Structure formats: structure tokens, C-alpha cells
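Chain nomenclature is as follows: A, B, C and D, assigned in order of appearance, with residue numbering initiated at 1 for each chain independently.
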Amino acid sequence: MRDVAIVSFAQSAKARETRNEVEILMPVVQEAVKNSKLARQEIGFTCSGSSDYLQGQSFAFVGALDAVGAWPPIKESHVEMDGAWALYEAWIKIQTGDVDSALVYSFGKSSPGDLPEILALQLDPYTMTPLWPDAHSLAALQARAFLEATGKTERDLARVVARSLCSAVTNPHAVVSGAVEVEKLLAEPYVCSPLRAHDLPPITDGASAMVVVAGDLARKLCARPVWIRGFDHRIEPLGLGMRDLTRSASTEIAARNAGVHKGVLDFAELHAPYSHQELILRAALGLGDEIAINPSGGALASHPLMVAGLVRIGEAAMRIMAGRGDRAVAHATQGPCLQQNLVCVLEGE
Amino acid sequence: MAPTEAEHEAPLTAVHHLEYAYRRSVGPVLGRFFAGLRERTICGIRTRAGRVLVPPAEYDPETGDATGDDFVSVGPGGTVTSWTWVSKPRPKQPLQHPFAYALVKLDGADTPLLHAVDALFESRMRTGMRVRPRWRSETRGEIGDIACFEPEA
Amino acid sequence: MELVKSITTPVVLDYDYVTGRAQSRFLRGIAEGRILGQRCIECKRVYVPSRGACPRCAVRTEEEVQVSDKGTVTTFCIVRVPSENLAFNPPYACAAVLLDGANIPFTHVLQECALEDVRMGMRVQAVWVAKEQLGPTMSSIRYFKPIAEPDAEYDTFKEHL
Amino acid sequence: MAQRSAVIGIGQTKYDAKRIDVSMPGLVREAAVRALEDADLSWRDIDAVVIGKAPDMFEGVMMPELFLADALGAAGKPMIRVHTAGSVGGSTGIVASSLVESGVFERVLCVGFEKQSESNAMWALTVSTPFSVAVVAGAGGYFAPLIRAYIRRSGAPEDTGIRVALKDRQNALKNPYAHVKIPGLTFDQVMNSPMLWDPVRYLETCPSSDGACAMIFASEAKAAKSPGKPAWVHATAMRSEPTMFAGRDQVNPLAARMNAKDLYSKARITNPRQEIDCAEIYVPFSWFEPMWLESMGFAEEGQGWKMTYEGATAIDGDLPVNMSGGVLSSNPIGASGLIRFAEAAMQVRGQAGEHQVDGVHKALGHAYGGGSQYFSTYIVADHKP
């Protein structure tokens, strides 16, 4: 395997953007490219992640090429997935030896439509979508099954929220943050029991971009490149009745293959859009209480759909690059109730 | 009246309306399931490994192997395995007063089905409760033929 | 039991569509009967409509330029097949029009001209809705029509095909 | 590359305007099961799955690979969904091959599909946004002016497009999977078919199809254990450029030319016309055959139409193109590019049946998409690179 490192990362996140996708994306890509110290034309491959249904327009990703420096023409690909999987495709491309570096980006505005309702279009179109279950309700079914199976309580969920929002105070890209008391959280009404508004991901518009580079070139460009030491992702059946919602079997496989426990972890950035999912993921990844979870505040503080997974990897990488940790696990998810999961193990030079 | 500077600079917005009535062919297995619903019966399918899937699928979700045609009659009664309370239903959702979405394991099935439960009050909902289907007055051969489930008396 | 062959599942969604800042300025120009473009700071080419970016140079475009509502047909097709959503009834001519002062053609419908007379290089001008009906929408330009000017030489627009 | 990659299994569905006999899972499984059978494998032998399709709005399912994952035996496996507009089928094949070339996986299944009959492609491609006026009539309305520009530039005779259409439609009669088959079609019938987007006639236009295509890529070690003859991947290439910018050449885009150069350099091909035995090229409107022959370096700029005219691209010509009948005969958009890749590999493996060309050692698969701005191509051969 070739050693591949993250050398730069940039992002934008706001509760509601008045800019269009190209206008949001362009400065983010420019910042990531500039900080990589590579000229745009030197970057070997470009890969992006987005979803047409966020805009309600076919080929929504095509316009993004206006923003990313695609002239002269570039080697480029796109996944209709969270940007974390675009990073995976880029990492694979570097492994083939075809290229030595890649620009990865993703973008998405969650605010234009009723996102929890739009996500009902991700379900089985014959037996589920016609019932229009919103994404929050499906997560709540999982939450209740999880709480009842494990004996965890709504208080445990509130603790996750309180810690996340407190950590988010120092994150300029958080759209929700602040010191909150568990008791106050528990006094809030349910949105879809057992979940309350703060247990749900905030609507966020955003974009992110990252540059990854192979081997010695990474060392040349960056004082402390952040190496991708393990990388895997797995999917489960979509049907909520076809899998055990109280654990994340796909995360368990990905964690094993990525070698999460081949070394000591300093912290984890987990893509848990709903509070209970953090607890499911911690169990699946085998993370003990000694490991700091989501120092960025995580997805409860900022959740640009199609972007948030790549942001977890970027946040973890920037923290390691800044010397605030040596080894971390970053995770991304997509699909209802943690259907598909990606695990990336990062180490500082 | 001339727009103010702020109005001048604010981006223009409008509603983008997307509408299409998709016509979906359902294949032989769901075709049988929906035909059953039209007659107010519910069927699952038995996989080679012996699990009864509801709704039935053309394949075993764990392995990808084809399931064949071992259809099994299930329900109509079932047990709630998880639920959530929707206090403010959206216009497209099955009921327009507060209701539960629930996973319902029908008698004879190994996998629960997602549907709505009309319990009127959240306090009536609990995991393990028994429910039965309430059929739509005119069935059409689709999932909505089950208007919702309701608590067994 | 007769199997069900198909089901109908309607998908109806509404989005708050937000134009980009550049597109908003362009549309507000249209509402005043003006066609605005933007000049790229690097390659100096003028984009119409304004799009906020020069994809060639990957830079933001800010300098606003008003261009003429007269231009040259660089290429075209005659649409003879009906389609949902279309604003015009076939047959009609759909043309790429390079407005005077712009460096990229702009697609619109050509009318007041027999379909067999439409040709590459012909000179055309926008026909606007009545002044009181002008608004920030592309429908403020009803269509383009031919004008009494000699056709442009092929060499003058061959790079815009 | 960390390891070589070879095509060891291919499966296609019957293509048709409306495959109302199958569900979406049934459609993708029809192709995938045939690919598994071709390679004598079961679902368990597959390490990872790649799904490609064009816009989600065609089927009205957001990221439909999520609900199709288990239908393709992907439970517990990695799954990737590719979308690069019309070139997506080609890109899907390239991603699948790269998963093998990376050394990470041994056997990768990829499936491209589209079930366009669930909606209406013209609708999905012409959804208008606020403040705009829809004047461009679908893909035909977009590409017809470019074709007119090509004709003006090259001075090609007006019946070039008719000749391409006649050839591809006659080839389709030899392909059991093809959607549009018109026995006894004549030159005059094509010429007299209605103009849809002048200069593009009805019979010079691709249909809207339902269908799926599947391919299995394997490492050298696994290919050695495969019962069939592998088609070895000699090179893959992808290039993209923005849709609209001042001075863009949309007729012979730089991305297309750079893609060809990259592909041939990786495959060590110096004279493509001589070294490549046949090609499956993405031709949704007949005139794109001469246009892409030029950008792919088979002919000088402005001379591509001569190859068509002289019969070089006929099934018995010196560079047969679209022996399967091509996109003009079957067009499930998300699969169309992968079908080109699959048909090229079938020629190399000698499994193309009635439309097999004799003595194929090296073949090209080509796909393009968007506003002639996305290109994905590959070269396969009957010998290792």
C-alpha cells in the first residue's frame, strides 16, 4: 500500500446560505488548494460527493466544475455520496499509482427543502416511501430500540448533546453550540419520542475540500502530514426490519479492517447525526470512556448533508496536524439509521 | 417604488416545484404482496435459510440469493418492536392527527414491517403491544391498502 | 390471484430556490431592460449571463459590463418535437446568440423568421416584453428576431461554436 | 498499478422501452446474476460492489443504491455509487477496475442501470428552475446545434449521419439484447424519418430504454482461476471540463482529446487506427460517430466523416464501431457507458455471438456525458499488458 496523507482541509458551514453552491464552494476549494502548496494543475485527480435531490435538479454536481479549476481539463470523478466516499475513491486512485495527489470536495445545501421529508425518497420506493416517514422518525425508531435493548436512558442521550454543544463553542463552523445543562435538555418536549430537537442534526448548508498526497511529496509539502493508516467502509440492507438497529454491524467490520485498535487512540470524530447513534458507534468501534469523542462538536453542532462525513475526517486531520493528538479514528455515515459506514484511521507524522 | 439597497443586494428567491407521479413496475414478488393487500391478506416469503421476510423480497438481504416462491401467509395481528410518536404529522404522512410510526412484527414473520399505528394518545403506545391492520375502504394493491395499524382491543 | 404489475407513487417537493448573487444582479438588470455580463479579471472575457465565476480561470468575476441586446447566431437547431416543460410550441428555432460585447453565446428562441431562413451568422436582436411587464426573469425577453444587418463572417464567431 | 485487472464476467438485461415485468432490484439482478454465471461465481465471491446510474430523478429515488445494496449481495461489503452524467457507465467500470488495480480487492462487481420508464427522461432533463425559460428541448435540443457546427466546420456530406444510423441499426439486429430493432431498414427510411431537432432525425436518435449491465473485474490471481477468457485492462482514462466557458470548443472538446492521449499513452498505443481492432463509442446521435472518431485520434480533425463514408466503421470495416448497435439502439442512460465497456470486452473474449468481429485482440470502450464534457474510456485486450 502507498502511504497517503491529508495535507490541507477547508470548510464552510452556515444554518442558511444566501449564496448558491458554486459561490459557497469556490473559496473553500481555493483555500484547500492554497494550503496544500500545490498548484491546481499539479493535483493529479479530483473527486467530489453531492446529491441532486438536495437541489431538486438533475446533474446538480456538473455546475460545481465551474468552481474548482477544471481547465485545462482534469482527471475527475463524482460519487452521489457523502464526500468521505469521494475521499475513498481518491485514495484508491492513488493506490493504483495513476496519480500522486488528489483534491476531494463535497457540497450541499440542506435548507432549501424539507430535508427530513426529502430523505424519505432514500427508502424502499415500493413499501416505505409511500408512507413518507421522515428521517427523524426513523432515527427515533432506532433510538427507542437501542435504549430498550441496552438499558441506556434519555439522560445518556442528553449527556451526549451537552458535551457536543459545549465542545462546539470553539468551532467556528458550528451552527449550534453553547453550555447547556442536562436537566434543561431533558425538560424540552419530544419532537419524535424518545428524541428531542437537540438530539437531531441541525439543518446546515456547507462545503468542504481536502487535498491528499502520497508518500514523500506529502512530507515535502507539509510540516506534519496526517497519514491515512486504515480505510474501509461497509453497507447493510436498507430495510429497518432486515438488520439489528441497536448495533452497527457494518461499522464493526469496517473498524476491524481499518485496524482501529492497532494503536492507541487519542480521540474520535464520529458522524452521528442523532445523539443515540454516537453511543451505537462507540460500541461498534470499541471506544472506551478514556477516548475524547467529537472535539469539534460533531454532527449535532453542524450537519451539512453530503459534507458532514468528510468534515469528520478533515476535523480529525486538522487537530492532529495542529499537534493536538497523534492518532485518531474518523467515521462517516449515510443512509437511514447508520446504513452505510466508513472508518478512517489517521496518524500524525 | 425603487428597491432599497438591502433589497437590491439580497439574492432573488422563488419556490422550485418538483412534481412527478412515478409509475413503478413491482416485479413478481412484491406483485404478489400487493395483490394480497388488495384482498386484505398479508404475505411474506421464506428464504432458503428459513427466515420469513415481510415485505417479501426477491432475494435474501443477507446473502443476495434468490428467494423463489415460498410465500407464507402472516398476520394479520402483530407485535410492535419499536415506535416513535409523531405529534405534528406532515401532509404526506398516513394520518393527519398525532400517530406513531412503528416496526410491527406480524405473527409468523421474522422481520418487522414499517407502518403507522393509530393509537390516538402516546400513552397507549409501548413496545410489545399487539396491533392489527385497519384496511382502507377501497383497496388498490399498494402499501397504503393498510391505512394503518391500531391497537388490538 | 392476479399479480399487481405496477403502482403509482407521486413525488411532490417544494424547494426555496436561491439564485446566486451574480445571477440575481443579472436578473435585476433584465428587469430594467438591460443585459449584464461580467468580465473575468484574468482572461478579460465577458460572461453573459453573469455567473459569478470564470470556469476557465476558476476565479470569481465581479466587474459588471452591460452588453448589447443585438448579436449573431453562431449555431442553432429547429426543435420539432414537443416536450414537457418547454416554454414554446414546436416547431421553433433555438439559437446560440453571441451578443455584441460578450464572449460566450446565450441560448434563446428565434422568431419573426421563417424556419428555413435561419442560418449561422445571421444578426438578431432581443424582443422584450412591454416595459411595465419587465421583471427579474428570463421571460422578460420574449424571443430574438432577425435585423436588417449583413450576416457576420464565419471567422468572427467560429470560436464560439 | 498495484496489480493487473481483468474482466472475467459480463451480464446484460434485455433492453426495452419499458421493462414492466421487473422491479428495480429485479432489473439490476438480471444483469448481475448473468455476470456471476459468466464468471462461474456466487455473490459470496464478490469483495465490493460499484453502482452507476444517471440522475436520481429518473426513478425518483434519492441515492437508490442504498435500497438496492442487498439486492446486489452487498450486505457487509463496500459499496460505491458513481454519477458522472452520461459517462457514468464508463466511470463505473473504471472505478471498479481501480478497486482491483489498487490491490485492495480481488473481485469487484459493477452494475450500471436506468429504469427510465418509471418517469420520462425528457421531463427529468428539462425540469425548469425559477427565473429561467426552458427553450432547450432535452439532450437532442442541446446537441443538435453542436452537430450543425461540426457539419459547418468539417464540410461533411449531409447524409453522413444517415449512414451511421443505418449501420448501427443494422448491427443491432445481430444483438439479442438490443432495444430498437428495425428489420429491413433502408437509407431512405432513415432519411425520411421526421426531423426532431433539425439537423437530427428520429432514426438518428437514441431511444429511452430500461436496462442494466454488469461486469466483474478481477485480479490476475483470480482471473487465472476463472473459466472464461479474461479481457485484460490495458488502460483507463477520465477527463472532465466545465460545461460553459468563453471560447470553449464543444465540438471537439479538449477534455476528449486529452483523454485519448492519456489512454493511448498508458496503453502504449501509437497508432490507434492500426492497433485497435474495434471500438464501442458512445454515439447517442448518429453524427457523434465522426465527431468522436476525430477526438479519439482515429481520424484527423474534420476527416472523421470519411471513415463512416468509406465504410471503415462497418462491422466488416478496418475499424468496426458499435457492433452491438450502440447507444442508438439501446440507451438505459446509467448503463449505456458500461455497455460500451462490456461490449468491447465481449469482442476481446470472443463472446459477442452474431456481432463478433473476427480476430479482435484489442478493443476500445468509450463514454461521454454532460455537455460533451465528461469522458471515460478504456482499452481491453486478450493478452496481459
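Keep this in mind: contacts are C-beta pairs under 8 Å (C-beta built on N, C-alpha and C of every residue); 3 or more make two chains touch, one makes a residue touch a chain.
Since this is a predicted model, take the numbers as computed values, not measurements.
Common neighbours of chain B and chain C (chains touching each): A, D. Taking A-C and A-D together, the chain pair joined by more C-beta contacts is A-D.
Separation between the centroids of chain A and chain C, computed from CA atoms only, is 38 Å. If each chain is reduced to the centroid of its CA atoms, chain C and chain D end up 31 Å from each other. Each chain gets a centre from the mean of its Cα atoms; for chain A and chain B, those two points are 29 Å apart.
Chain C has residues 5-7, 9, 11, 13-21, 23, 27, 51, 55-56, 136 in contact with two or more other chains. Along chain A, residues 18-20, 56-57, 65-66, 70-71, 112, 114, 117-118, 121, 124-126, 129-130, 237, 239, 242 each make contact with two or more other chains. For chain B, residues that reach two or more other chains under the stated contact definition are 10-12, 14-16, 18, 20, 22-26, 28, 30, 61-62, 92, 142. Taken as a graph of touching chains, this assembly is fully connected, with contact between every pair of chains.
Residue ranges of chain D in contact with chain B, taken from their complex: 18-26, 29, 33, 43-44, 57, 59-60, 70-75, 117-120, 123-124, 127, 129-131.
Chain D meets chain A in the complex at residues 1-2, 23-24, 54-67, 69-70, 74-85, 91, 94-95, 98-99, 101-104, 124-125, 127, 129, 237-243, 245, 253-255, 258-259, 262, 370-371, 373-374.
Put simply, chain C touches chain A in their complex at residues 7, 9, 11, 13-23, 51-53, 55-58, 60. Residues 18-20, 56-57, 112, 114, 117, 124-128, 130-134, 137-138, 140-145, 148, 190-195, 237, 239-242, 245 of chain A are the ones touching chain B in the complex.
By the touch rule above, chain C contacts chain B in their complex via residues 1-21, 23-24, 27-28, 136.
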